[in-house]
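Given below, in the form of structure tokens, are the structures.
Next, two complexes with chain A in common: one pairs it with chain B, the other with chain C.
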Partner chain A sequence: MRMSRLAVATTAVLAAALAAGCSSGGGSTGTASSAEPAAPGSAGPVNLTYWTWAPNMDKVVAVWNAKNPDIQVTISKQAGGDDAAAKFLTAAKAGNPPDLVQAEYQMLPSFVAADAVADIKAETAAIKGEFSPGIWGLVTLGTEGVYAVPQDSGPMMLYYRQDLFDKYGIEVPKTWDEYAEAARTVREKDPKVFLGTFSSKDPGSFAGLAQQAGAQWWSISGQSWKVAINDPATVKVADYWGNLVKEGVIDDQPYFTPEWNKALNDGTLLTWPSAVWGPGVLSSNAPKGKGKWAIAPLPQWSAGENHSGFWGGSSTAVSEKSPHRAAAVKFATWLNTDPEALGLLVREAAIYPAATKGGTLLGDTPEYFENQPDFWEQATRIAATARGFTFGPNVNVAYSAFKDAFDKAVQDKSSFSAALAAMQEATVADMRKAGFQLAR
Partner chain B sequence: MSTLSTRRTPAPYLFLAPAVLLFGLFLAIPIGYTVYLSLRGTKVSGLGLGKGARQEVFTGLDNYAAAIGDGELWAGWLRVLGYGTLVLVVMLGLALLFALLLDSAHVRLARFSRIAIFLPFAVPGVAATLLWGFLYLPSLSPIRQVLDVDLLGSGTVVLSMANVAVWGGVGFNMLVLYTALRAVPRDYYEAARLDGASEVQIALRIKIPILIPAIILTTVFSIIATVQVFTEPTTLRPLTNTISSTWSPLMKVYRDAFVTGDIYSAAATSIVIAAISLVLSFGFLRVVRDRAFGEG
Partner chain C sequence: MATTAVRTAAHRAAPRGRRAYGIAPTAILLLGAVYCLLPVSWVLVAATKSKAELFSTTAFAPGTGLLSNLADLAAYRDGVFWLWLGNTFLYAGGGALLSTAVSTISGYALAKYDFRGRNLVFNMLIGGILVPAVVLAVPQYLLMSAVGLADTYWSVLLPQILHPYGIYLARIYATAAVPDALLEAGRIDGAGHWLLLRRVALPLMLPGMVTIFLFQFVAIWNNFLLPFIMLGDDQKFPLTVGLYTLLAAGANQPSLYNLIITGALVSIVPLVALFLTMQRYWRTDLAGGALK
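After this line comes the complex of A and B, so read on.
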């Protein structure tokens, strides 16, 4: 009797302990399922988990699952952005990562440096030709390995309020000088309206603008890294925006806030230098602007030039610890190179495919841009002018430093190039502390 | 072996086992692991790409030296000190005031008021902060249409954050104090009234002295809570550029662990924070014990 009561008590305690254990680990749901996969070669389908934040990816995956009963993919929807990268790195360190993960290009080097994603060079040799060398470089990091299959890219362009440009009598700026001039004109015509805003919360956007100017934040020479975040090209970009903010002709509120949405909606913000994925953001954050926005190439640093940069864009990577590497690469290959999958990605997930043949699948103009029937032709032309740079192994540190330094610079109206120098310093200090070989 | 013995039965250990097990699983082991992590770090060789380029190594007290030597951490403590003083004084002051008012003889709608004051405590911190965040934003806020102050500016953002904490915290503390007041025998008040004491005098001379232990308790809890401030600044951060990623010490831990991916220094900083908050709470307890009760 006594023993049995004890047994009951012990069981209850264990159950409580387990329940508590589960709830304390609840922050990373959907990670456990990949831990007990069927052994390769054994009967029963292979189950893959895939972390992604692209909208409607479940519909795309459903098509694959219907056709491939032996490789079943389960989506785990992520929040996206820096949090998703941190979560993946944590899961990889804890030993229970998903088999496949959506990896932004700038985060891929951190994943590789943490040994969290697999080198899939052998499995992807056949599809290298599907991508432009510039895009492919983003998944090789300029090394011998291949660490992901490119999915989409984010060439930058200028989104502007066509109707209000007409109202205020402004021409679409061809150079950044013209853009600054237009910013002043707008303030004179209506002191409530801004031509644009500088966001100190979006290092990705700033990186794209720096790429346009020809920056090379990281580069590899031999066995060492060279970090040049405050190179002359980027200093030029930083000071340009810094001066406009100080002059008060450009707003300084961050992107993606309720405040910003309101400004996009009510016509008090006239432009947004953004990437090809902009229509999705605009249609959900500024529904009232439908049919009023248009795109043009980014303003240039010198007349006659024709450059753009990248903001965002991501790839599909396979976890180093995934027991089903071959199956995972097979799915990633289908997802990002098969015409049917690319068509689905364009239609359902509203992404701009990285694969070269994706350009022909773009189809109809986004509904939001009904006023600009040649939206995709424009976008494809602009995309061809975009140039990127190699991302380093601690982009997370650099981006975090960007936010803190530029927040402060915006707030104090102090020098943006000094903020840039702080960003460079924090990035180099972190790499030095970790033991990376640095040039010079 | 299993002979009948009244002295050496396993029963006490079995009864202890659940507590020890739970303590070990959820307190001792995590703390031990944090200490272990805080003594380690990663070492990268060459480019840091490819297999085995990154190794976990023992670094001794390096992480602690870096944590203690980091000016940002101490600047964070200063900010939290200012914020905490503000929250403690206003929140506990209001809680005490409300508890006394609700307990006074002439109050009406006591039940309704009690629930109304308590209700904000039931709103999760993130929701409360978002709610207030929207009220602070210049073009969305009804407050801003009346009052021309930047509620998220570099000087005012602390007040705005403290406001959220006070709004959410007054109810709980009021309830603790109020419950303590209800336990006081009514005879004391009657005696005081017979002696000609006014309600205010009763409050100042009888109720507050009796409440001292409860006030100390709520103060200790509030000190611990404000030292750990994280939700309010983290939730408000995307809305303004006046809150840095290391505004409070815990935010720095979060940034190190999950943004820049250095769990080792995050572990060391956590332990430094835990030590400081321990010193603060026990220090406070010691001071008030000496003052209020004259004990050694």
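After this line comes the complex of A and C, so read on.
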């Protein structure tokens, strides 16, 4: 008797749960069945969900929604970075990913490897010309397919404290040798001040500097991958910073920490090799430096060269499982190539658009850089010199190996090229374990 | 003479010794209090700092920006913070209530009814205490996805209802607080199971229930991983996950430290209020446990 009562209770709970499940499941399949691309006159609008972390994206999307009653987009703002990628991959595996997702360029290959994003080559054939070949390469991954529409990019440049450079009598360094010399000079003039810092927590920044030096960490030939994280160009970059850290003329605290913010604010840190999105970070984290920072091209490895790399940048990808692929691509295309949308992205989301014509929409100099009225002209000129490389399918593994190995190297003041070798080894081992074919 | 001297010395020494013995725990507890309260007081102070002050003034110097921080927080994305706060109340309040109900009934049944498999059930629950909730989050997500409940309010509520530790507590409490003789007397008077539970057991177990409720409420209020994995729609986020979107705003966006700190401060206010109002039950409970 007791048992049967228990059974009744359990059944009731289960039934309630199932009913709730069915009703919500029914709701979503209901919208799914009205999926067929928003042909005029079809039953009801298409509803797309879009995971992004760019600020104010809801305002940009509101403009689209007002104009396109047939394709309504709902923004769901997520935490950005590596967590976002892991969460998207989990959702895709479980079968309920969003229709559209913001994908950082370095994460896109892992999405492709997991079959989480759709190949949208046919739908995007018309907009290929809107982007520079270098940026387009980041969404084709050097293959025949197209896996996303580029949204923003992060060409790197040197941010420096103009006023304090004058105070200490330093010229803006043209080469990395000059940069090292300037670092020593600063230490002599004021032992509390550093010219720069090496961050062992920001593999993206290091990858950008390696790109500048001409590195190619991953490449595909035929069916097999080649991993060359410790190629001569990257070794050169690693040892350069390693020696400066060992010598003690460069600080070793990571970026984006409260201590780092403080150093930017009180003028004890004079430069930051960063990307074009730097003004947002500086104005928010170092409000006291307003009107004192300026930009210049990154120092070069040999005088007369003119190269830069990319740090960050993302694209808009469409889920493989999305039942509304055509509508989703239509929205992604509008968002990243339509002049009105690009203008909104620049103004509201504070991004540097990847589309070539985005350069003309940048408008006013950022308020923080009022001392440098030609900020955007400079930035656009530098952006044209940036070169990237193909990212591999396990950037997350490589990046966390970077953090582990370089953290330790910074702490022990040991060899950075040895840390780089450890990063290469961890990356290769992981790819082999995951079953990728590797070229010798 | 000598003996009295000794005796008085001993008399004098005894209270002194007891006093010295009494200072040590107090000192340790004070240290513990400072250790726990220092970060909280930092949050309190840091929330008053404006953007410019946050990273430039010394840690415990009060700032001038509390009101503007609160205004910014309220205005952020059209007040989404209040929605998150409401969601958190729903998850923590609803989850803790349901969990308390389930724990109390199961704990009472396990303590007062002798049925086959009782120890097996209880041991399995004890085993459940040893499995950290973190480990279960991803499998739970896959299960919820399979029944179509992922990204719903239920996906966060359901996994937190069954709480092995709560059941364990309820069983222990019921064993101690509900005398068998009382139940026996009720049965002789013709009371059924339901009436016994409602009129005899529940009133006696109330302090224990409050303890379980508070435990679960705080645990759900602070839970990050489960809602982070379960929820995709930012309109359903609780505070923990919502504030995290301000912190991890992507590599190329600055973290909104001011709003995060102010948000963290506002989010602990309800917890503090809850503890202050529930404190008397809590105290009864501890005292009750000590007497039995």
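Here is the rule we use: the second predicted complex is superposed on the first by the 398 of 440 C-alpha atoms of A that agree within 3 Å, B and C clash if a C-alpha of one lies under 4 Å from a C-alpha of the other, contacts with A are read in each partner's own complex, and residues count from 1 in each chain.
Keep in mind that, in the parts below, a residue touches a chain if its C-beta (ideal position, glycine included) is under 8 Å from a C-beta of that chain, and two chains touch if they have at least 3 such contacts.
Fair warning: this is a prediction, and the values are worked out from it, not measured in the lab.
In the superposed pair of complexes, A:410 makes contact with chain B only, with no contact to chain C. In the superposition on chain A, A:361 contacts neither chain B nor chain C.
In the superposed model, A:145 makes contact with chain B only, not with chain C.
Look at A:285: by the touch rule set out above, it reaches chain C but stays clear of chain B. When the two complexes are overlaid on their common chain A, residue A:79 makes contact with chain C while staying clear of chain B. In the superposition on chain A, contact of A:262 is made with both chain B and chain C.
Legend: residue contacts after superposition of the two complexes on their common chain; A:418 is shown touching neither chain B nor chain C.
In the superposed model, A:89 lies in contact with chain B only, and not with chain C.
When both complexes are aligned on chain A by C-alpha atoms, chain A residues 17, 20-21, 24, 83, 87, 90, 93, 256, 258, 262 touch chain B in the first and chain C in the second. Residues 2, 17-18, 20-22, 24-25, 28, 49, 51, 53-55, 58, 74-81, 83-84, 87, 90-91, 93-96, 98, 104, 152, 154, 202, 204, 256, 258, 261-262, 265-266, 275, 277, 280-281, 283-288, 311-314, 350-351 of chain A are the ones that touch chain C when the two sit in their complex.
Listing the residues of chain C that touch chain A in their complex gives 51-52, 54-56, 77, 113, 115, 138, 141-142, 145-152, 154, 158, 228-229, 232-235, 241, 244-245, 247-257. By the touch criterion given at the top, residues 6, 9-10, 13, 16-17, 20-21, 24, 82-83, 86-87, 89-90, 93, 109-110, 112-115, 119, 141, 143, 145, 200-201, 220, 223-225, 252, 254, 256-259, 262-263, 393-394, 396-397, 400, 403-404, 406-408, 410-411, 430, 434-437 of chain A touch chain B in their complex.
Of all residues in chain B, those touching chain A in their complex are 14, 17-18, 21-22, 25-26, 42-54, 134, 137-140, 154, 238-239, 241-246, 255, 258-261, 263.
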